[in-house]
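Working notes, structure below.
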Amino acid sequence: MAELLAVDDLAVTYRLGDTLVHAVDGVDLVLPEGAMLGLVGESGCGKTTLARALMGVLPGNATITRGRVLLAGTDLVSLSAGEHRARLWRDLSFVPQTAMNALDPVYRLRDQMREVLCRRGGLSRAAADRRSAELFTTVGLDPRRLMDYPHQFSGGMRQRAAIAMALALRPKLVIADEPVTALDVIVQRQVLDTFRGLGLELGLSAIIVTHDISVVAYLCSMIAVMYAGRIVEFGPIERVMGEPAHPYTMGLMNASPDLARAGAELTPIEGSPPSLVHPPMGCRFAERCPFAERACVQAMPATIEVAPGHSAACIRSGEAGELRRRAREVATWRQ
Amino acid sequence: MAAVKAIVEAFGLAKHFAASRSLRQALRGERHVVRAVDGIDLRLERGESVGLVGESGSGKTTVGRLLLKLTAPSSGRLAFEGEDLGGMDKARTLRFRQQAQLVFQNPYDALNPRFSVRRALTEPLTNTRVARAEHETRIGEALRLVQLHDAQRYLDSLPHQLSGGQLQRVVLARALVLKPSFLVADEPVSMLDVSVRAGILNLLRDLKERLGLTAFYISHDLTLVRYVCERTLVMYLGKLVEDGPTDAVVNQPAHPYTQALIKAVPRPRVDQSRQQLPISGAIGDAANPLSGCRLRDRCPYAFARCTEEEPQLLEVAPGHRAACHLHQQPNA
Amino acid sequence: MEAAEQLAASPSLPGAAGAPLGSKLSVLVAQLRDPYAFAGVVIYIAFVLVAIFADALAPYNPNDILFTADGQLAASLPPSAEHLLGTTQLGRDVFSQLVLGARPSLFVGMTAAVAVATIGTAAGLLSGYLGGFVDKLLMRLADILLGLPFLPFVIVVVALIGASLQHVVLAIVLLLWPNPARVIRSQVLTLTQRQFVEAARVTGASEWRIMLVHVAPNILPLSFLYGSIAVGWAILAQASVSFLGFGDSDVVSWGTMLQDAYASQALDRGQYSWFVPPGLCIVLVVLAGFFIGRGYEELLFPKLRDS
């Protein structure tokens, strides 16, 4: 399968006054065409920064300090801000966390769609309206509602309108930042099914950024687990979730509740992520990891391929089977 | 007369809010009333952990506020330990505040950002006129209960210096410092990271055992409720649609809405059901709920009776009730 | 909150997105790094010092009519060593007038500012917190007062009840308090939505306690800000009133200086050293108020820090 997106050693730093925060510190990713990648991580891990870096919409005080982002062969990092922005919506588009960020409350949906389709897509008004109706239908919205204002839509509908806008110019890749977090569970399922439909019918490639591993399990074919600015595990979803090779992923699985499994004990991961201002030299998960050894804190672990297409940044990933067995015991995680 | 007195009882509890109207509507004399809670009966036995599940707009948060006397009901009766909540005078209300506490959703917002942890924990004691001499012991105990050992380290910290999990423990400690008998938790872990939630949930389970608290969990998250509650109530547009032991409600949901809720929850497994949900559309309008059953425009099983008659909460199995005409067929 | 990613998450409360204003003074002082804040504070302090030590700084009594060595009226003299800014048409030393004129100007400015800030804060607090009838009453009153033209109103009040400095202050305060009141009211409304306010209620705090202990400390920075802006406006108002001849003519102020200069056609005669200095002083003090507002803006609205 052709490679759509390749991220190579990307690093992003924020400047806050006199302090530098290394929010993304050497990320490698590969996304094949037609796949949906779930980028999972907890608050502060850098996933939103990574998503914004890919989009080219980092805030003023953030800079990409190294690395490349290859989208269908072009290195987005090497482009100027203007060139990168020009690709926005055409090659690459974005569904933000709250649709209210994407939708202007004072304009009708039809006009907002026209803005994208005519201004950036060069379509005539009539053609734009036809395409808007098509898009609305694709995401499960009634095309007659194009004449409404955003506030007349419910939360789930607004989110779907934002997805429609993101798809307008047939981008190669859609990045969705926490697309369902703010939604109720039934509406969440409807939006997830919309995404799933787009993946199955249009072969949409997407990166779904979320803290909820269950959402990724439902929707995505690939997963990247992020921790403290780095990707700790990456691969096909069946492999990473079925046979995790990194202790953090194992911990996350233990901490994620499953409605269908009654009474199974949930185990927290004690402690908190390290500071990104002065990140530790060695493995960033070491201080919370029940399997950490001396070597772990001395040097940053290399990313090891544990199976074709499945890699983990852990020096003990060779013993993954044994570690998984121990990880299933509650006592392992009690520090 | 039950041997064990129910700690909280509600009959026909309702809370209506006057919604804003446009000028045209005002001129026409249209009144817009949002019926956030529209007549529910509730009974919490001492020591029970009960969960109230519903989506946003279901009215569940309003129920929590009603139970804690943070807002007055528009109609219906609410009793705490047999006493009518509305009829309490100032002194009795203050004592009620000591007995009934709330754990908040947002730990980053539930604490005054200028108050040290010590100050935040002392505040409730001062408000309820607890003797100064007792403060130190109570605070120490509360911190121990929430497993923030090494109290000295935390007492002088300010909220912004603590992590989400630690903050939520402080919020819990603040609730426990008054030694309440009734605890309401409104989305207690929704703003915490997944790896931290488990810790708080385990703590809540543990505290229930240790302190014999009666706990009322309000959440949109069925998995949370399943983890900590013996009994589950499901709410839709201001009404209770299902009520029963948690296992029964989750494994044999009797109401179509509950069935949809359960099917809709994604699981942390690749092999999960991706079937179409039985319920379509979005939540109804609380200002104009439908006649008969409020869910009928979204329910695939709706039939004639659903439009004419509002279903009552009736038993479908021992201790398990649902408000759905499907279960009240004469030949069922 | 842990990371940079969540930094702007908290609403516009001082310190909510970082270290809280635990020690207000140290934070205020730290903010002097901002060039605007620094400039504003320096100007204020300079003028206050001048006003305090005016007697020592002024070489002459500002009302004394002076004569030259050879017995002539020392009228309209250009700036020299004896008269740093020259003399007025009636032989009074301009520099002494300027220095002593600082007093009534600053008196009006400071008292008006304190009054406006206090009344505005109290009104905003009560209005926002109590809501209902009190809120409607206060805000409708504020609307009416804000609709009145500022200077004409001050003139009318002064004409009716007498042209003393206190009356000028009164008139100014009456019209300026709605400004901080409205802003503080909306800040209070936001604050009462915060969960820690509800938490206080749940743990037994009385409404008064909540208002004074939880809400008030978070809005004091706003009061301070409006107070500092009010200084400038008040001085400007007093100067305008004096200039138009409605002020207290016994008291020498920057405004009366301008009035005198105008009346004796100093502009036509090109006697810049008479009317430029008082005008400049007024401008400087008003600017200082705005500078302080601009400099401390970031403290009050942390979101601005990120852009």
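Letters A, B and C mark the chains as written, and numbering starts fresh at 1 in each.
The rule is short, and it goes like this: contacts are C-beta pairs under 8 Å (C-beta built on N, C-alpha and C of every residue); 3 or more make two chains touch, one makes a residue touch a chain.
Keep in mind that what you see is a predicted model, and the values were worked out from it rather than measured.
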*Could you pull out the chain whose C-alpha mean position is farthest off from that of chain A?*
C
*Chain pair with the most contact pairs?*
A-B
*Please report how many Å separate the Cα centroid of chain A from that of chain B, as a whole number.*
32
_Report the inter-centroid distance (CA atoms only) between chain A and chain C in whole Å._
51
*Where in chain A do residues touch two or more other chains at once?*
43, 272
*Could you say which residues in chain B touch two or more other chains, in rising order?*
163-164
*Residues within chain C bordering two or more other chains*: 1-2
*asked:* Applying the document's contact rule, which stretches of chain B touch chain A when the two form their complex?
replied: 55-56, 163-165, 193-199, 201-202, 220-224, 226-227, 247, 250, 260-270, 272, 274, 276-277, 279, 282-283
*What part of chain C is in contact with chain B in the complex they form?*
1-2, 9-10, 13, 15-16, 18-22, 194-196, 198-206, 209, 214, 217-218
*Give every residue of chain A touching chain B within the complex, in rising order.*
42-43, 154, 156-157, 184-190, 192-193, 196, 211-215, 217-218, 237-238, 241-242, 251-260, 262, 265-270, 272
_Complex contacts: residues of chain B adjacent to chain C_ = 68, 70, 94, 97-98, 101-102, 104-106, 108-114, 123-124, 127-128, 158, 160, 163-164, 171, 174, 178
